[in-house]
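Dropping the structures in below, format is structure tokens.
The two complexes that follow have chain A in common; it is paired with chain B in the first and with chain C in the second.
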Partner chain A sequence: MSSITLEIKQITKQFHSDLVLNGLSFQLQKGEIMSVVGPSGSGKTTLLRVLAGLEKPTNGTIYMNGRDVTKQKANRRDISLVFQQPLLFPHMSVEENVAYGAKVSKKYTQEKVDTLLEAIGMTKYRSHFPSEISGGQQQRTALARAMATEPEVILFDEPFSSLDPSLRQGLRYWVRNFLVEQETTAIFVTHDMEEAMIMGDQIAVFQEGKFQQIGAAKVLHESPANMKVASFMGGHLILNDQEYVPLQAIELSSSPFKEDTQTFEGTVEHITYQHGRPIAHIEIKESGAKVPLPLTNDEQLQNEVFLSIPVSSIQRFRGTIDE
Partner chain B sequence: MKNNKPVFTAVGIVFFIAPLLLLLLQSLSAPWRFQSGYGVDWKLESFRQLIRDPYLWEATWWSILIGFLVLVLNAVVGILTGKALSSYSFKGKPWVEALLLSPILIPVLAIAMGLHLFMIRLGLADTMMGVVIIHLVPTIPYSIKIFHNSYQQMGKALMEQPHILGAGFFTQLFTVELPLLRPALRSVTFLTIVISLSQYAITAIIGGGQVLTLPMVFFPFLENANASLMSAFSLWFAFVPVVMYILVEVILLLLPYSRVPWRNHR
Partner chain C sequence: MKLSRNSSLLLFIPALLFMSIPLYGLVTAVSQSLSDSGTWTFDYYRQLFQSERFMASLWFSLRTSLAATLLSIILGMAFTRFFHTLLEKMAPRLTVWIPMLFPHFVWGYMVILLLSETGVLSQLALLTGGIADTDEFPILTRDPYGIGIILTYVWKEVPLVILMLLPVYTSIRPEYYALVDTLGGTAWNRFFTVEVPHLLPVLIETILIVFSFTLSAYEVPAMLGTTFPEMISVLSYDWFYGSSWEDRPLAFASMVCVSFLLLVVSLLMYLYLNKARWRAMRGSRS
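Then we have the complex of A and B:
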């Protein structure tokens, strides 16, 4: 049976009149990776700062391996945080940066530093200074520095957001494999749903100070808890605050009459291509909602279309936040 | 990028090297007039006269000691205050910053008499510590401003990084902050030592003649018409901060992660 590494109970954080974290509770097993997704400014970074010990929670308790660490300072917690920027120490070489974390946490061995440098592919650049290496290399070094402290939990605050897309894609898989190999418990904050699905064993949709739903990508996609989750996941047409329909159930046609269907009139605004498939961006006249619908390659579209939704495919939001 | 090196060299020679050379030449020769018919008369008499001054060495040591104490206090207060100002945001922060700068807006002499009475009550009048404290008034505001700017340049996130990795206050200070504050420490070193060395009036008032610093020996020489002797004294005066600066630079080399010749490089 796996043990609980991190447990959060009823954490709240208030800045003046703003309630940024509103009674959050969750737990992570050893080696589990959770992605936290949410819109910008929703308080994701504040959550990480509270967990890392850089901010004090207004209320609530944080347990690590069953021990209350709520009042412990950041440097005493066995938690590492990788920021959006690499924040390497400019006066230290790559090797010194990696060794620094290990030395201050009294877990230094030259062998470990060598292994980490090898793992991040930076052995060749070990004596380079941060200003002499690329953004991706800097971010990998920052990750190795965080790993060198052998933390129980690593927190990532959108670490790839400043990198170009191709580099970002490669690093995602590299970090994910690295964490799995080391059996490190991690929380990965991002506003990119694709990244969240690649990185996390489970995904927590965070909005308005609380988790709207926590679960595997498949669960979130197939049965979203509420409108916010459905709208953040994409892939659904939200009919009202109770009902939604998966996009793949929607059919496009030029005539409005079909049995047992709900029909909406729409205007095709753009056609874009994603992963080799054309996507029609349609504005529904009645609600003004915009939906991206995948098309078959040979489909010919008029500017004005009808969206037919089989009544049997209309679903209700499940309402509960956990799986 | 435009190469400004020749311009820098020319400005350096005209405004720094040339005046210093002239001062050196003047100190080693008797006063010489254009078309006087005589050549330059080289002699070491001015330096001999300077060394013969019974108070010179005493004043030099006092000045160095006071300068170092002023520098250390400036560094401690400047670093702590600068870090606090860049780390915390609170109501009325601009007022606090203005208040910390205010001592340089008011001439120290204007408050010297009041401070003298205050020092007498505290038993600090006519003592070295009293002089050190009064020298803090014209220097501390600059130090706070310099360190505040440096911490702001570093950024709050870079300061949080060592803390997250497990570094305590002193480890973080000596391994990350001080090495990155090196340029600020250099500026503060020169500034505080030069300002401290130049204080005549407030040193005379608070030190009461008991604490003898270089300006107190130097200023009476101003009445002297001997330009060679004045030049020699000026060189002696300029030599003290340079030596102290070199000493501080050596101390800075001892900081961890300094780029010293014996450190491994590619």
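Then we have the complex of A and C:
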């Protein structure tokens, strides 16, 4: 039976008249990784700061292993936070930075520091200062420093956002595997849906202070709860606040009339290439919505096209936030 | 490019000319202290270190300067640490910096007016019945412990310390504090891991400035000091402008000693700050 490591109930956080967190509730089992994805400025960092103890919630309760820690200070909580920037102490070597985490939390052993340095592939650079290593190495060291405190939960606040795309891609898989190997419970905040899908066992779409939907990537894609989730997932054409259609169900044609279809007139604005496939970026004249549609390589497109949507493929938003 | 290099050199000339004046003074002092009627000698230095008056003055000067420097640094740092958010606003910042507008001797007079046995505080204490006679008021100026000198310097240098440390405090990223908290650190960890490394270069620089000034400046100890022991600057002045020409080389020798001491201390501080750890703090690669 798996145990609940972290549980939050009806957490709210208000800054003056702004309700940044609006009655959030969820729980994480031991070793589970949850991605929280949402647009910039939606309050994701505030959620992490509340969980870490750096901000007090206006209302609600936080339990760790069944114990109420809501009023506990940050330095007394078994939660570590990896920030957007590595924030390594510049006057300390890589090894000293990792050891620092262990020392202040009174869990220092040289063996642990050596193991962590080995795990992050930094043994060779242990005596280097942060200014002498790359951004990716700095972020790995920051992770090892956080892990050195042996936290029950580790929080990530967009840790790869300052790295270049190629480095980011590699580090995502490395951190995910590292957390799984160490069986660490984690919350990973990002505004990038692809990153959220790679990092999390489940994904929480966070917008306007609430979780719009929590579930596995497949569930979010196949049955989004509402138009905000569908819009964030990006694989659908939203018809109205009740209905949507998956992009793969849309056909492009040069003639407007087909039986049992709903047809929209569109303009091809750009053709881009992703993962080896051409993508047509089309603006729908009626609504002004822009949709990216994958094309077959030999498809010849005119500037003005018709988007045919089989009526049978139109779906309704699910409405509930949990799986 | 050529023009820019030439104009840089031209702009450097005034600074060079300005520096040549104290440099000339130093070279002259060294040569005068080492020569007797045209022959090289260490006799004046021997006389100096055998002189009870000089040794007492040196000890008193070092003790007074060190006390004034450390108190200024501790108070200035504590004030900046706890009020730096307030000091980012113009009005409180200007209020704190007011003492810097006055020359040291003016500030010295103010201390005499306030703290002497017949000064404002003494009169207030007499009026309120705190003391029965002005004789009962503690001797805080022209005292053998240098209290008046130390008080004047502390009062005058604390704003300088704030001026030096304020930009450092405002540049420390608050995420570092949050980081130490989430790692399980205490307020001490915050101070020693986040603040001290950021402050250290400026702190050392400020210590050097305040210590050098308080050790060698003349007006304040001349106004607020005693005749024995006297600050080394006062003693050197006496030797330099005294009736006996024979004492002049002693004045030079004592000032050369002070300059040498400050030079050695500066060099040690520089070597310390040039260690790989502190170079890394400034972002340089070894």
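By definition in this document, the second predicted complex is superposed on the first by the 323 of 323 C-alpha atoms of A that agree within 3 Å, B and C clash if a C-alpha of one lies under 4 Å from a C-alpha of the other, contacts with A are read in each partner's own complex, and residues count from 1 in each chain.
The working rule: a contact is a pair of C-beta atoms (placed from the backbone, for glycine too) under 8 Å apart; a residue touches a chain by one contact, two chains touch by 3 or more.
No experiment lies behind these values; they were computed from the predicted model shown.
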With chain A superposed, do chain B and chain C clash or fit? clash
Quick one: classify A:Pro90 as touching chain B (first), chain C (second), both or neither. both
In the overlaid three-chain picture, which partner chain does A:Ala74 touch, first (chain B) or second (chain C), both, or neither? both
Partner chain in contact with A:Ile198 - chain B first, chain C second, else both or neither: neither
A:Pro130 contacts which: chain B (first), chain C (second), both, neither? second
Just checking: does A:Ile284 make contact with chain B only, chain C only, both, or neither of them? Give me first, second, both or neither. neither
Footprint overlap on chain A, comparing chain B with chain C: 52, 54, 73-76, 79-81, 83, 85, 87, 89-92, 100-101, 104-105, 145-146, 149
Once bound in the complex, which stretches of chain A touch chain B? 52, 54, 73-76, 79-81, 83, 85, 87, 89-92, 96, 100-101, 104-105, 127-128, 145-146, 149
Which part of chain B faces chain A closely enough to touch in the complex? 157-158, 160-168, 171, 175-176, 179-180, 257-259, 264-266
Residue numbers on chain A that touch chain C, as the complex places them: 49, 52-54, 73-77, 79-81, 83, 85, 87, 89-92, 100-101, 104-106, 129-132, 145-146, 149
Complex contacts: residues of chain C adjacent to chain A: 173, 175-176, 178-186, 189, 193-194, 197, 276-278, 280-281, 283-286
